[in-house]
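Letters are used for the chains, namely A, B, C and D, taken in the order the chains are written, and counting of residues starts over at 1 for each.
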Amino acid sequence: MVADQGSDDAGSAVAPTLRSETSRLFSFSDGVFAIIITLLVLDLQPPEVPRGELLHALVERWPVYLAYVTSYLFVAVSWLNHRSAFHRVGSSGKGLQWWNLSVLFSTALVPFATSVVSSSVQQGDRADERAAVALYGLVGVLLTASWLGLYHHLARHPDLLNAAVPRGFFPAERTRAVVGILGYALAALVGFLASPPIALVIFLLLPIFYALTSSGLYELRRLRRAHG
Amino acid sequence: MVADQGSDDAGSAVAPTLRSETSRLFSFSDGVFAIIITLLVLDLQPPEVPRGELLHALVERWPVYLAYVTSYLFVAVSWLNHRSAFHRVGSSGKGLQWWNLSVLFSTALVPFATSVVSSSVQQGDRADERAAVALYGLVGVLLTASWLGLYHHLARHPDLLNAAVPRGFFPAERTRAVVGILGYALAALVGFLASPPIALVIFLLLPIFYALTSSGLYELRRLRRAHG
Amino acid sequence: MVADQGSDDAGSAVAPTLRSETSRLFSFSDGVFAIIITLLVLDLQPPEVPRGELLHALVERWPVYLAYVTSYLFVAVSWLNHRSAFHRVGSSGKGLQWWNLSVLFSTALVPFATSVVSSSVQQGDRADERAAVALYGLVGVLLTASWLGLYHHLARHPDLLNAAVPRGFFPAERTRAVVGILGYALAALVGFLASPPIALVIFLLLPIFYALTSSGLYELRRLRRAHG
Amino acid sequence: MVADQGSDDAGSAVAPTLRSETSRLFSFSDGVFAIIITLLVLDLQPPEVPRGELLHALVERWPVYLAYVTSYLFVAVSWLNHRSAFHRVGSSGKGLQWWNLSVLFSTALVPFATSVVSSSVQQGDRADERAAVALYGLVGVLLTASWLGLYHHLARHPDLLNAAVPRGFFPAERTRAVVGILGYALAALVGFLASPPIALVIFLLLPIFYALTSSGLYELRRLRRAHG
């Protein structure tokens, strides 16, 4: 309800410091990403076991380490995407601020969802694992839907972009977000109704897709055309 | 007792780096806001339940999620307000530093108050809920009173502002802060003496008011005059 | 053993980006201060009490709130001191980096010492309170001794300072640090051997002294001469 | 699989803001380092002991304090190394981004490994201590191997460096990383098979080696030649 005004409130009155205002969006977002990616490590705690059992307990915890790696990759790729998108943004506005806050909001849910998955693998039964992967998938849908909103906002407000950014860039990025929405929704469904391990494989594949396409689909197509 | 000196101690002797000094106020404040908004997520933990109960436990926790959303919105709006106010500030001083530290101090109490409210809803009785919403309301009063102090300081020290900022801007902002003080005080009273749910509704409405007016009352009035 | 080389290793080879190197010292330090000041709030947790006891439990916890306020003030003043000192620094070097890391190291101990004091007040006996205030005093000594090292390093390496900084500034700052070392040592002794409450009063007074003198003793003397 | 493309995706299209893109790598990394170094202090908690036992419990915890100091030194030296390396970097790229994310990933494991070691010293038997030092050594190998990857990437992509950086700088840095890999691997083996205390001594010595050589082996050799 407060989005979509396009150019920033203060843009007219206080033009000379406009750039410094974009820089605060960066420093706040970088701070949030840095905290989220580091909070993940709080799930790694010394196991509380009887004397002499430490080695065994550390080895047995491999699903926790795998969950840590997957989520680290997920948040790292989100940050790279953020950097890549905002690299092309010249000025912000209320709408963009709120879409950015939505992305940060849903990214902040990743450590929680990770923690639920790794505790269900360790202590839960099959029904718990189904609930946990469904939750993780839902958080993935929320996150990629926020990205879709952000990309769509930038596709519709080219005035916010740097002059050198080609018009087709952000419209093409929407496709990347839609792939994620469908992928996480599929994984949540498959995991909840059929097989949690298949969901976990999809959860690991999606960040790899985002890592491989983090230059943007538009740039990738341009490069393919240029080389072929 | 250390406030209100107006211009900064170092202003005279080390003028060339004055801007970098304002930038540290930004980076410190952005860091604090980023941490506070991310700490909220620490209240979301995997529920410790018997095997097979995870889905039920996750669904039953909806008040915790609602509290998370409300407080995220509250802190996000505080950050937008902060950005919008300091966007208009050209140089700082001891007084402004301490008012800023007061705002950060009271914002840092939001996750604590949120946590008390959501645990009272889950585990407490009616009396506990009354105490919890009263605490949340008090933190809200403290926070909006800090904003009042900050706006009042900037209204009285126009020398700290960017040249392009109209004189009426910060005097008008004081009204927004007073609305919050009265609103949170009312919610605390109503919640403590009569109905906690009514207080929760007010707690959700106030950040929306701040989001809608985050351009500043002065700008909104100017726009209304320009369009009518 | 790695300190006191004066100018930075990379100074000769990569001069053009020297300023950006100082800016990373700022952003890292601002990050650490922001985290420390926000970690303090983690000591504020919803009390785990039987139903209907929340209000009583919240009120009874006043020493925890007082400890929070005192330590927030302590860390806030440290940050203001840091800003005020490094505002006058033009380039860094290994020695300055390590003194800065010492200041951050000892500042990071403040939340721990605060937590020990507030838990001893709530759950301990007189002997525990004595141990706790002695620990807090020791952390205070460590912190002010780090500041002494930093000020002494800057007093001996005027080549690191901005051109406009008067020669007498950092030599005079050493006095402020020595006041802190003596004050915290005295408080630790008095608290451990005689009266913990007297120690707590000194702990509250010392940050106020630093707040009042945060422009630097040199500037204060200059102002007094100028006005009288 | 996404590394080694050399220059950044966005480099061609959005050249004017290239510097700001490097600055986000700095602010994100500084944020992560600041959080990691401050998370270490969360291991310091008020001991939960019967009334009157606080002083004794605080003194008995010296291995926790030693672990805190060792790991603070370790992370501080990592940050100094990071600053020193990226000080020489003029532009980034996907490969460099991922190597940087690997360094941050393995640095984030240090608080976990520290925590395991200090809890094994306090509560475990000899077998637990062996497992704990082996884990700490493995994390050390992972961290220094990430540094080797980063140094190797910069040695092979001189186009990413500032013009003034001598060609031999990063090839020589690889030697420093290899010393760490061998040192931590040796410590893990000796600690696991023979004597945990010897491993702890090596763990303390390696950060000191990195602190003493943080100007880079190339610079140290150059200085030695210049002076002899």
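As a convention for this text, a contact is a pair of C-beta atoms (placed from the backbone, for glycine too) under 8 Å apart; a residue touches a chain by one contact, two chains touch by 3 or more.
In this text, all values refer to a predicted model and were calculated from it rather than measured experimentally.
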Item checked: Rigid-body rotation angle, subunit B and subunit A, from Cα fit (steps of 5°) -> 90
Next item on the list: Averaging each chain's C-alpha atoms to get its centre, pick out the one most distant from subunit D.
Entry: B
Notebook entry, point to check: When subunit B meets its copy subunit C, do both sides use mostly the same residue numbers (more than half shared) or mostly different ones?
Noted result: different
Next item on the list: Averaged over CA atoms, how far is the centre of subunit A from the centre of subunit B? Could you give it in whole Å?
Entry: 26
Item checked: subunit A-subunit C separation of Cα centroids, rounded to whole Å -> 37
Margin query: Roughly how far is subunit B from subunit C, centre to centre by C-alpha average, rounded to an integer in Å?
Written below: 26
Next item on the list: Two or more other chains in contact with one residue: find those residues in subunit D.
Entry: 27, 31, 34-35
Check: For subunit D, which residues are in contact with subunit C within the complex?
Finding: 23, 26-27, 30-31, 33-35, 37-38, 40-42, 44-46, 51-55, 58, 72, 76, 79-80, 83-84, 87-88, 162, 164-166, 208, 211-212, 214-216, 219
Check: Where on subunit D is subunit A touching in the complex?
Finding: 1-2, 9-10, 13-17, 20-21, 24-25, 27-28, 31-32, 34-36, 39, 94, 97, 101, 104-105, 108-109, 111-112, 115-116, 119-120, 123-125, 127-128, 130-132, 134-135
